[in-house]
Amino acid sequence: MRLLIQGGRLVDPSQKRDGRFDLLIEDGRVKKVAESIALPRGAEVLDVSDLVVVPGLIDMHVHLREPGQEYKETVETGTRAAAAGGFTAVACMPNTDPVNDNRSVSERIIGEAEKYGLARVYPIGAVSKGQRGEELAEVGDMVAGGVVGLSDDGFPVGSSELMRRALEYSRHFDLAVIQHAEDLTLGPDGVMHEGEYSTRLGLPGLPGAAEDIMVARDIVLQQDCGGRYHVAHLSTERSLELVRQAKTRGQSVTCEVTPHHLLLTDEEILSSNLSTDTKMKPPLRSEQDRRALLDGLVDGTVDVIASDHAPHHADEKDVEFSLAPFGIVGLETTVSLCLDRLVRPGLISLARLVELLSATPARILGVDGGSLAEGSRADVSLLALDRQVTVNPRKFRGKSRNTPFGGWKLRGRPAGTLLAGRRVEP
Amino acid sequence: MSGWRRKDLLTIADLSSDEIELILETAESFREVSRRPVKKVPTLRGKTVVNLFFEPSTRTRSSFEIAEKRLSADTINFSAGSSGLVKGEGLVDTALNLQAMNPDLIVIRHAHPGVPQLLAGRIAAGVINAGDGAHEHPTQALLDALTIRQHKKRIEGLKIGIVGDIEHSRVVRSNIHLLTKMGASVTVGGPRTMMPAGLGKMGVVVAHDLEAAIDGADVIMMLRVQMERQSRARFPSVREYFNLFGLTRERLKAAKRGAIILHPGPMNRGVEIASDVADGPYSVILEQVANGVAVRMAVLYLLSGVRAEEA
Amino acid sequence: MPRLGKSATVSTSATAAQMGNLKPRRTILDSAQMRRTVRRMAGQIIEFNGGSENLMLVGIRTRGVPLAEAIAAEIERMEDVEVPVGVLDITLYRDDLSTIAPQPVVKETHFPRTLSDLVVVLCDDVLYTGRTVRAALDALIDFGRPKRVQLAVLIDRGHRELPIQADVVGKKVPTAAEEIVEVRFDAVDGSDHVEILELVG
């Protein structure tokens, strides 16, 4: 089975390539990359002359809700959304019901994903049993079941002792510990960023310090224990600065940011008239924080862009702002938002975006991907840079519609994915 | 200002100074109605007003109810603790049920900010916010303004000090919007543990002791201390609160001579305000109550002329 | 288009302006005629009531008020008695509130003394459909129990929609429904006159 991907612009920072290249795929792997490849006998041709070809994009922070909350999303609909959104792989967080703190849940998730073959699913295992923050989950067993990282996401690892042990123990498996950084005792009733707009709206605040305190503590622990520490959905200027300093010291600390924290601020809650689709954790922060995150994106402090895709049923979101669950979907908007708002204005290059959305997440998770070098697995994403798109949540492939980006007009969109050389039909 | 065009009264933040002026002028006319031998006019005859109180409130609810009855509206009271409201029905279903009864106006008090907006977007009836969490309480700010105007003849150029639990007060937020829109200069004061972030961006001066907050003030507004805040480490004791932030006759000397004192009620005597000050000559607290009825009549009257399709 | 009482006097000029331009068609009363008319009305009121004892003039806002004041001044000149003048705002008693938007401005009602056992003479500039007077009567009753209520109008332009007639009429003016009667008082408008206006455009 051979496929010639012909005429596209290949952007593959792992090979320092950005230009017109043909790719020959054979048996699911990249056989050859060259400026022009003659069509081998019996090969199919995929003409991508108006498209950009990049290593398969990986969203390393999503919630697929299965098992337990299939009314919000399933592995099937979540991977369908991923494929439609231009991703060949996602890493799914363990806050399912039951929690993914054991091998059987991990295997079930991977099995479901393989059944549909829409995108690869890499489960993130819970740090602690039941995500209760007390005792370590059976990490070794979960790794055997396919887990590629550890997190109690949805909840922070609050106990310093547990974080210490998690960092230590994760080293046996070279897993990143992914922290939802939040000191829950600070701003305990908070529903939005604490600042001018929470004051105007009379809503209880979530201070940025709650995130910073956790990031600072964890960086201290990582310094002593080693291990790979990754800050999930980092959202404040000071947390970013803490990560920057840790990196300067040579610590193994990485971080991800979400498109919504890069593009929206807490003002959106007021201007959207308290739309519950502007409510998530961490909350939309101040303009100063947002600008700092953009700087971090440019100077390399930010390692990854991830959506924190968090589907919720419309009935759950259609309530008082204070009572609505935190979270928004992102799998089907992330690529267009990044192309239109980050790459098109020249903030970052396309090559840098590929690092943020593919090469670096692959490295942090320790999974195959992030490169289209000869011999690598042919997971490929195609992008149409000049295609206009208006975000229409009703057309999402995922089950839920909770996005603040509905109606946004964006230029640039995903144009298909290949998994091991096979076209995915989302 | 050619007339009132809004279906709802949700926040003071949304209003222009012309709209505020129109409500105040209308309220001034309505003050007279309450002094008539027959304190009832047929204006809202055949209109249905629903008072939807998800939080207990005796004052605001009875003030609205009197205003409604004086305008001859048919009033229905729902309060948390009665009817289906507490049987786990979501707000959106409550809204749909109310809509099916086709009321003309809904007065709503709710613990969560933004609920009146949520309701207003779902329902054809006009919605009046009677307090949503710590967000806004528009009719309170309007009745405060009416009271201030009565005594000081104007709002523009006045110095107004507001003291107390700023963070949890909807009264403060509505008052800050109203008073700054009408050209007053506002200083807020209170314990730092009850002072929300970024308040300065709302156009007020922030002070941290009582004297600084009321220094040279024409008008002093004292806020109710919610005792339950004590257990959440916002202040150590009622005694200490009074010692630091209670308005006493001695401390009143920092204000301008003839300054008037307002309080949205209900008062905690000996906590935020000493009894002799509350009952003293400059206290206009009971006039506020009377003006509350006039303001609410004015708002009900103005909103009743706007139907959903026009708004 | 709201059609209340005299329809478009100056108080509804905002509405009239929205409809198009008003052009004077003919003058009904000039300044001197108006003064004489008011004087005659004052005389009739005194005659009607056998003097000016226990009398109160109540002007219906807006231009019933200067009329009531002008009549009171005339009575005072003739009889050397100060007649109390009240001000009645009928907005809250209008029967068309649910059909017009936005709500008309509400102004204060004020009586110098209680109405009981007084003869109240309601004064208005133009009598038209009769609906203003109906509202005024309802309002008046809520303030007390006058011994008698009479109605004095400067202009009766016809087109009644209710069985209401004035006791004292300055001038009867047959009009077409689309015409507008504009009454101006020196005290509030800077000149005295009554004109018929027509709508153009």
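By letter and in written order, the chains are A, B and C; residue numbering begins at 1 in each of them.
We adopt the following convention: contacts are C-beta pairs under 8 Å (C-beta built on N, C-alpha and C of every residue); 3 or more make two chains touch, one makes a residue touch a chain.
Source: prediction; values computed, not measured.
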item: Reference chain B; chain at largest CA-centroid distance; value: A
item: Central chain of the complex, centres being mean CA coordinates; value: B
item: Centre-of-Cα separation between chain B and chain A, whole angstrom; value: 45
item: Rounded Å distance between chain B and chain C, as computed from the means of their C-alpha atoms; value: 39
item: Between chain C and chain A, distance of the C-alpha-averaged centres to the nearest whole Å; value: 75
item: Touch list for chain A against partner chain B, complex; value: 194-203, 205, 207, 273-274, 315, 318-323
item: Of all residues in chain B, those that touch chain C in their complex; value: 2-5, 22, 25-26, 28-30, 32-33, 36-38, 40-43, 46, 71, 298, 301-302, 304-307, 310
item: Complex interface listing, chain B residues touching chain A; value: 13, 90-92, 110, 112-115, 117-118, 121, 132-136, 167, 170, 173, 196-199, 201-202
item: Partner chain B, residues of chain C touching it in the complex; value: 14, 89, 91-93, 97-98, 100-110, 138-139, 142-144
